[in-house]
Amino acid sequence: MSLKIDVVRKIYARQGDTPERVLFEGLSLELADGEVCALVGPSGTGKTSLLQMVAGLDEDFTGTIEGRPPDIGYLFQTPRLFPWRTARQNLELVLPGRVERAGELLAEVGLAGSEDVYPQRLSLGMARRVALARALAVEPKLLLLDEPFASLDTATSKGMQDLVSAQLQRSRPTTLLVTHHWHEAAALADRIVVIDGSPARIVENRAVLRPRAAE
Amino acid sequence: MRTVDLRSGAGWQGIVSILLFICLWHISALWAGSRLFPGPVSVLSSLLQEIEEGVLPYHLAITLARVALSFVIAMVTGTALGIVLGRFRGLDRWLHPWLIILLNVPAVVIIILTYVWLGLVETALLVAVAANKIPNVAVTLREGARALDKDFAEVAQIYRFRPAVTVREVIIPQLAPYLLAAGRNGLALIWKIVLVVELLGRSNGVGFQLQSYFQLFDVTRIIAYAAAFVLCVLLIELALFAPLERRIERWRR
Amino acid sequence: AGEMPTIKIGLLRFGTVAWELDTIRHHGLDRKHGIMAAPVEFATNEAAKVALQAGAVDMIVTDWPWVARQRGEGGSFSFMPYSTAVGVLIVPQASRITDVSELRGKRVGVAGGPLDKSWLLLRAFAKRNKGLDLAKEAEPVFGAPPLLNEELARGRIDAVLTYWHYAARLEAAGARPVLTVADMIRGLGVKEEIPMLGYAFREGWASEHPEALKSFIDAAREAKAVLASSEEEWKRLAPVIGVGDDATLDALQSGYRAGIPHRWTGDERRAATRLYDILRDIGGEQLVGQATTVDPGTFWPAVSY
Amino acid sequence: MRTVDLRSGAGWQGIVSILLFICLWHISALWAGSRLFPGPVSVLSSLLQEIEEGVLPYHLAITLARVALSFVIAMVTGTALGIVLGRFRGLDRWLHPWLIILLNVPAVVIIILTYVWLGLVETALLVAVAANKIPNVAVTLREGARALDKDFAEVAQIYRFRPAVTVREVIIPQLAPYLLAAGRNGLALIWKIVLVVELLGRSNGVGFQLQSYFQLFDVTRIIAYAAAFVLCVLLIELALFAPLERRIERWRR
Amino acid sequence: MSLKIDVVRKIYARQGDTPERVLFEGLSLELADGEVCALVGPSGTGKTSLLQMVAGLDEDFTGTIEGRPPDIGYLFQTPRLFPWRTARQNLELVLPGRVERAGELLAEVGLAGSEDVYPQRLSLGMARRVALARALAVEPKLLLLDEPFASLDTATSKGMQDLVSAQLQRSRPTTLLVTHHWHEAAALADRIVVIDGSPARIVENRAVLRPRAAE
């Protein structure tokens, strides 16, 4: 089943001194089942907000999101690990009944040896990798990735891209990937959507032609 | 883990500190030399005597049981109420004035009404103490619930944690400092209320004894009973609150 | 008039001492004897005791066993009589209890706690005359007097041993007295009328103001005489007493009159010493502390009548 | 800003809720039909009568003054102590047992000792109340201080905020929920302690009046005095705590 | 006066379940006055830790930091804005007596119109720009930048680089710049230092040859 995003209007109401902000006014996007879509756009246009809406975390807008599966993996823009749980325990929490997977996943994101570290004692890059592992751990049917490779050095970033790529090949989740780097988008996505403006609109929406799409 | 427990535990400082307290008390009592300010020695001898006669253990046990039961009731109800009010702003708007009223009705009024309505029975005591303490817990935990991080709640939602898991893994750890504060204050407050409730209408318990000795102005025995309870609390502190506290300290930067 | 020594008396707002003091002041009996009696109101008996200890008042009304005990522990207080009325054992109108022996297995409300003098005397009385240990064979319910009155009214206890002015209210409402503390004392073989309650004060203060003390006792006895004879006086006092209905006022009036002590001589003092032994035997060290006998100074020697 | 204040203020729900409370009270009083459970009408008429005679305003004013002064003393000292203990773990290890002891000594013991030592004066009352309440505030604020975010402290250090600025801009906002909890509970608790302290040794104030009416078992007047104070607290709530709360709500997501 | 970093040994002690970690063992670096040094290295090597030590926030190590001036600007890896203060108020806090600068700075980082927004209602990229503005606001003599351009789209990132570049030209602070992007390092730094390994050592330390250095 395809994912149909149809936002008629999304407003952040005035609150305290924060002024009102009309974020979207008519924004539609349809993702085929298993399609990987890169979402690109300037800082502050509403990429994260859109992901929250797609994930069902923000229902305060007019419009509809159709075809959202129950299994979602969401890499938030900040790691959001539970600080009172070690890296391993954070993964175990989303892997009930399969806790041995936690160690394997941590090794895959290059954190073998740091399994028992509490999040506040991880470097930011390490914490984001744990969060990435968590998003992939649930083998979701809908994968939302908010800048998965930011704050990582080139080599680590490459490794993570390969990891995500492998998972996309394997379980083919419908994916929305926010990124600021065209090469990341080109490497992973079937389609690139650019949003811009205030209220934000889709200013570009084009397919990526590459081997995988032809498979 | 063992090393950590030793390092961050109450440890030797706690014991030395209590000894120091007793020394200071002894010296000031000597210096005051008044029968209205007995030193630790005479208090201890009264204490031992009361223990020997079996009076103190009896009354202390009864009071401890009452405190324990009321504590559990008040903490569970208060925490649940506090979390609900903290999360549901609409409900809070309606119930907040009631909470403030209940919070500020003098203990003695609640006690009189419950005693008059339920009679001088054990249930009346529990109801009176709970009604006195629940709003305090609720007010503290409500602040805690309001300060809950939405970020974590969203993670729990996305990964579809079962409600029990959400409570245990997401909510309780964030509320821990509020629970500790409410717990420590709660124990002290409940004990003080139980004393008042006992002295107004029960025929046993520490409060009842205190009142009797107060009538005779036997300050030594009054302090002996107080000391016995404080000792119990120090043990509870060691066995319950201190380990909880250490668990929080483990993950903080 | 500015020269007149002032005596500060700690009392309860609606307590019996307040009535007496109001009579003294209303009729100027204190000024007549060259003193000023100044009431200092407190909310509880304990507060008054704290005030006496802290030196905030010169005098309070309490019982002499308390004075004796304090003396045993170095608190040099002394005592002179105020009233022989203390407690009354009272049962509901419909109750079939007519005698202490029938209290076996019953719920008995007791005001003031297990070391209260009335309760100890009742226990001693029951033991000596009926062979009954009330502490074990009845079920005492200790509580605040107003709450106990309520318990009795609701039939949740079978009898109540309470202070006479609370008992008077119950009586006015139809309850029936079974035994007074005066009866108990007599039953224990003490023939003299012993005033259990009296004015307690610091010895040091009394030796500095012997005249004032004497004047006060005279003024107080004159006030008692007024209260013993005049009905009008009680009508006047009604708001001070805090009652609305005549039945209660009548009950309080006769209760008060019955408690006026008439003799305070060596006989009474010696009798009190004997009574103390009885109290000590039943109340134990918890009651008397280090004072196993009554120190002679307990009863202020300069006052007797 | 004005719109916000109206929207998130106590608003109409609070008023309706209080009216509802009074209605419920009225109905249950009617239903009970006992002089020991007077309804709002008779309480109000007693209240008005006491006001007319000038007694209630006199005693209430005295009690309010005592509560206000003690509240300020206890909050300031307790907060300072709590922050220091929360920040300096070493000191806390030493002082923690003392805090627990002070927290659990029955109010009546403290009250007797202060009255006997300082005499029946106003200072003794203030000392007794403060000694009773300071540990509660300290225990709550200590948890708050421990939960302070090191990240923010480091920002303050790097940009060399003056101590006053650090306290005002960095520490207080993080402690706000703890301060609110301690403040609300504190006001209620202090009021209750003041009542006890008054009934044990003052000749005026609400506590004195309550106990006097208790001896007459005049429940209507007892509730009238309680109601008068609760009303004052509801006003304080509206004027002090509610605006503080709104300030916190302004920035939360 | 030059900045002399001389770390003999830095250990994160075992704490709770978190195992001990020897971070540095003998690491020396000297920065000339006004020199701009890019610090590069894999995620989790200790770049942030080193910055904390240089800033004087972490003094729990053997070794010395010499020549640290009192005026420091530090862009932390996370924004660390005070959530109870709006964007503008956050800047005003570090600008006592020059509060009007706050508005100008916000405009310079592209946040005109968002001055009165509370941080939790800013997008991550926006919050990081406010934090950058804060670090530059104090006109520091020592500037520590922990991945200043991460989480920003290409255009915004370029704008920020220009802004930093201008400030470097103008007030010539001694600067340590953590980055994962060689082009950023090349554009701004006089020297690039690469650390790697556990414990971390300097594996590369070379000057960047470019017009500015020749000025």
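Letters A, B, C, D and E mark the chains as written, and numbering starts fresh at 1 in each.
Please note the rule applied: contacts are C-beta pairs under 8 Å (C-beta built on N, C-alpha and C of every residue); 3 or more make two chains touch, one makes a residue touch a chain.
Every value quoted in this text rests on a predicted model; they were computed, and no experiment measured them.
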Chains touching both subunit A and subunit B, listed by label: D, E
Path length in the contact graph (subunit A to subunit C, fewest steps): 2
Centroid comparison with subunit E (C-alpha atoms), farthest chain: C
Most extensive contact between chains (C-beta pair count): B-D
Most remote chain, CA-based centroid, reference being subunit A: C
Computed distance of Cα centres, subunit E from subunit D, in Å: 46
Subunit C-subunit E separation of Cα centroids, rounded to whole Å: 82
Centre-of-Cα separation between subunit E and subunit A, whole angstrom: 27
Residue list for subunit C, restricted to those that touch at least two other chains: 46, 53, 144, 150
Shared interface positions of subunit A, touching two or more other chains: 15-17, 78, 118, 121
For subunit B, residues contacting two or more additional chains: 36, 112, 116, 214, 248, 250-253
Pairs of chains satisfying the touch condition: A-B, A-D, A-E, B-C, B-D, B-E, C-D, D-E
List of subunit D residues in touch with subunit A within their complex: 1, 3-4, 249-251
Residue ranges of subunit C in contact with subunit B within the complex: 45-46, 49, 53, 66, 69-70, 73-75, 112-116, 140-144, 147, 150-151, 154, 156, 286-287, 289
Contact set on subunit A toward subunit D in their complex: 14-17
Footprint of subunit D on subunit E - complex, ascending: 52, 55-57, 70, 72-74, 76, 78, 80, 82-85, 93-94, 118-121, 134, 138
Parts of subunit B lying in touch with subunit A, wherever the complex brings them together: 151-152, 154-155, 157-161, 165, 169-170, 173, 248, 250-253
